[in-house]
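Presented sequentially are two complexes of chain A, the first with chain B as partner and the second with chain C.
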Partner chain A sequence: MRPPSPSIPEKKFLYDALKQSLRLDGRDMLDFRTPTFTFGPELGWVECAMGKTRVIAQLDAKMVKPLPERPFEGIITIHSEISPMASPDYEPGRPSEEEVTLTRMLDKVLRRSDTIDKESLCILAGQRVWQLRLTVHVLTDAGNILDCSCLAGIVAFKHFRKPEVEVIGDEVIVHSPSERAPISLAIHHTPFCVTFAFFPDALTRPVVDPSLLEQRLSAGLMSIAMNAQREICVLHKAGGVPTAPEEVLRLINVTSILVKDLDKRVEARLLEDWEGRTVEVR
Partner chain B sequence: MSIVLPGEQVPAQHVNLKLGPGLLQLSSETQQQAKSAPVIATRSGVLNHSANKSKWWVEGNSRRYVPAPQESVIGVITGRSGEGWRVDIGSAHPASLDGLAFEGATKRNKPSLKVGSLLYARVSLAHKDMEPELECFDAQTHKADGFGELKDGFVLQCSLQMSRLLLDPKHFLLPLLGSRFPLEAAVGMNGKVWVSTKETKHTITVVRCIEAVDPDGGGMDETNVKKFLSKLDI
Partner chain C sequence: MSSTAPSLRSISISSEEGLDGVDGSARFSFHPSCSALASVSGPITARLAAEHPARATVEVHVRPLSSVPGTAEKSRGMAIREIVERSCLLAQHPRTLIQVVVQALTNPTPGYALLAAEINACTLALINAGSIAMRGVVCAVPVGRVKKGSVISVEVDVADDVVLEGGGCFAFLFGFAADVWSTYSARPGSSFDQAELVRAREVAREAAAEVWQCVKNSIRHQKTIGETQSPHEVVVKMEI
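Moving on to the complex of A and B:
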């Protein structure tokens, strides 16, 4: 179901405010909402909140037989569904346009950009590999669930620890976390997604991390997934707003600054959580 | 005061019992006397009653609006339906507004409304299984009295308890903001508040203050709001 369009006063007010570079929540045009992370008791469960937008990502692993054409690689599946819990505008069962974009972007950013080394997930070639299943639940949609979901996903990957496995000949022994410490996943790089919203008026500059109203009234969106090493993983532009190449390059530079900041924040938070969990046995 | 959950029985007994929002009296066919019919809560919240125990009600906070008659609400027109309009007031069913339900409207002289216009209207009919109906004039006097189309300004969503607080003349927020800059506001019982000021940044200030004072979003009190206002440049 298409969400109801905002009323005429809301539209007029938002466009007028953006012409004066004022945003409704008091942020600057290029300000990202500060994300806060809450980690669950299990490893690989994280709730990411950006303002009022909240997303939960959960990662679990099980051992399966690998695909016959790729006997040395593990399998990663990402499952995301937006339920009506996120907003009354989403209908159960029928994937809306936003949901399709979310699934495709999560797939591109987290799976196809080779964030996880799939060969490290192999236990016994041709017989046993790890299958990682990432489930993303959108709790509240207050704009920009895409960035929030990508962030929750990558932090879940970094937070997760897989059980240590010993292979003797053809026998596979899985050690429980109490016997041997679980090991973290082999992550090649950490991509973060930043979304920009463009508006119909040519003089209005694009806005970072749009809120729900800004997203509804935007003429087009551009999402850039980049890692802290300034490598672009995904550039997704939807809506057809004509944009000059210099503008795209300027926004890429803005993204690289925001991503560096996000990376530091994520690392600091993960370290803080890990220190709370480490138990020293003397 | 005790907290009740939906379905819990409430010990409300009085000769002239008046049940407010959130309470329902189950009618039973076998017991003829109204006194012995049980009263149950239909919403979660704090159970309150008047001093002489004749009036009982449940006070809770939620964001989803359940229409009740004679409540003023703010709605967005989503389409036409025959002679009238289909209006979204945030309830489970869209409400219907007759084209002639305005002050001084005749078949030849109807107000010009478009899809997407904002309206301040009164719920005239509300049952849980039917579409609610709206009217844009006062029930007794049949005069507009502030109802009708709301032009310009901005509408924001807040929790139902916040809109009840804003309607209370003793609440501090609107007079405090009104003392800083000229302000016009219409509060709907469905959690929508329309504000209009002369400058964009003033409207943004009002929106941020209402969101800050909302019990759902923190519940700032008066001193903190004053500090918050001094940080923004008005």
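Moving on to the complex of A and C:
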């Protein structure tokens, strides 16, 4: 039976390399793995790959009765259970610490940060609203599934089109996509998540987008979700290495540069995919 | 119906997955409406409660595209587990675990097309892993018919699905050309007889042979590590 990774030689090698600002996969300390997106035939299906880490996000919508205390708002639910496909270490039915962090962060970044305008999801006040259901499947965990999942989630929201609905008095008519072109969701802002890993040695600088080994051997992680307008949506640092405020501010500045680049890339890719689809508007 | 003669032009197989955390993986789709991704890890350490002294334990997890797994996924998981247990030589790996995870990449249809795609994906993932000996290659096809007595054909199109009144899924083990698993049912309001079941099996057998041919072709065209040219151009040198 193979002893659990990481072994002592792997640990020593990684720490020594990081002391010299060298990463095992050849990246720079502040280099993000370039994400690639594959869109499915349906709208709202996207596979996001960052290096070997791969995540699929799928969004669908159905009409439901709204919550009685919020009759004007739609409902957004996010499912993000990690299956043993990502790694045999994940057992179904028993959420590991990483899975709990993933669920919480997805909830904060995509739902509570007010990314989607919930009032635009209302069809008939108090009776019919859209319920958006985002399901995130982690296919491979090669480090940093959090950033990859948040990215896949927000791209799925931007890719999705909801069917056009006409309300005449009390009657609701849903038009099929072949009759009327479906419309995109009202998105206020686009948050992207960037994770930093800190290491026990005080002289080793933090790295961006840790790989699996770096994540396992890190002393602490900090995730910053920011949009292209330099607004911080979520800053998550659960325990770990004591860090000076100047260092945190420096990392926030690094994040804002990375996020601008990510935003451009995502927009370009979405445009490319949209042009490839034949959407006839009569 | 898509066609009376079972033609499966629209199959797409991809074993270039290379999912990093598992031993083998593959994607199979009956284009474009039915696609599944399967991964296999094994033989790996089993939990003490789950290990069997004389053979490997098989664990199958089926996950739908949207929402959490429900009873339909559990039932497909049981079907796939039975198939894997019968087609793999489990006695060669006692006290270990073979973990199969199937991820549906499209939404489920009322027919059996997704189940057939998942079974085929599992077979391909087991071949891709290469660590578990198998008796043969299991290929499954969905079949359906419009009304009682009408012709049975291979049902892969979502558009056909709404008019179907009966159908099933047949899985065959190639190597023995045996019928390893089958299910056939008629939707509420309709019924079927034994003759129809026999006819359905024959149609499915022919279609499954085509699927098997596709599987063989996909493996033939796979590149092994270090290979950059096609196989017949590589010169093998042996040093004695």
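In the analysis below, the second predicted complex is superposed on the first by the 271 of 282 C-alpha atoms of A that agree within 3 Å, B and C clash if a C-alpha of one lies under 4 Å from a C-alpha of the other, contacts with A are read in each partner's own complex, and residues count from 1 in each chain.
Criterion: a residue touches a chain if its C-beta (ideal position, glycine included) is under 8 Å from a C-beta of that chain, and two chains touch if they have at least 3 such contacts.
Remember, predicted model here, so these are calculated numbers, not experimental data.
A.B. asks: Based on the shared chain A superposition, would you classify chain B and chain C as clashing or fitting together?
C.D. replies: They clash: once the shared chain is superposed, the two partners overlap in space.
A.B. asks: Where does A:24 make contact in the superposed view: on chain B (first), on chain C (second), on both, or on neither?
C.D. replies: first
A.B. asks: Let me test your reading of the model: by the given contact rule, A:81 touches which partner, first (chain B), second (chain C), both or neither?
C.D. replies: So A:81 only meets chain C here.
A.B. asks: Taking the superposition on A as described, I'd like to know which of chain B and chain C A:13 touches: first, second, both or neither.
C.D. replies: First partner only, chain B.
A.B. asks: Name the contact category of A:54: first (chain B only), second (chain C only), both, or neither.
C.D. replies: In the superposed model, A:54 contacts chain C only, not chain B.
A.B. asks: Contact-wise, after the overlay, does A:256 reach chain B, chain C, both or neither (first, second, both, neither)?
C.D. replies: Neither: A:256 stays clear of chain B and chain C.
A.B. asks: Which partner does A:137 reach: the first (chain B), the second (chain C), both, or neither?
C.D. replies: second
A.B. asks: By residue count, which of the two partners contacts chain A more extensively, chain B or chain C?
C.D. replies: Larger number of chain A residues touched: C.
A.B. asks: Just one of 77-85, 131-139 or 149-157 in chain C hits chain B in the overlay; which is it?
C.D. replies: Given the superposition on chain A, chain C and chain B clash at 131-139.
A.B. asks: Can you list the residues of chain A that touch chain B in one structure and chain C in the other?
C.D. replies: Of chain A, no residue contacts chain B in one complex and chain C in the other.
A.B. asks: If we count contacts the way the header does, which residues on chain C are in touch with chain A in the complex?
C.D. replies: Chain C residues touching chain A: 18-22, 25, 32, 37, 39, 41, 44-45, 61, 63, 65-68, 99, 101, 103, 105-107.
A.B. asks: Which residues of chain A touch chain C in their complex?
C.D. replies: 1, 40-42, 52, 54, 56, 58, 60, 79, 81, 83-88, 92, 133, 135, 137, 139-142
A.B. asks: Please give the residue numbers of chain B that touch chain A in the complex, ascending.
C.D. replies: 76, 78, 88, 114, 116-118, 150-155, 194, 200-201, 203-204, 207-208, 232
A.B. asks: Quick one: which bits of chain A touch chain B in the complex? Just the residue numbers, please.
C.D. replies: Those residues of chain A that touch chain B are 4-13, 16-17, 20, 22-26.
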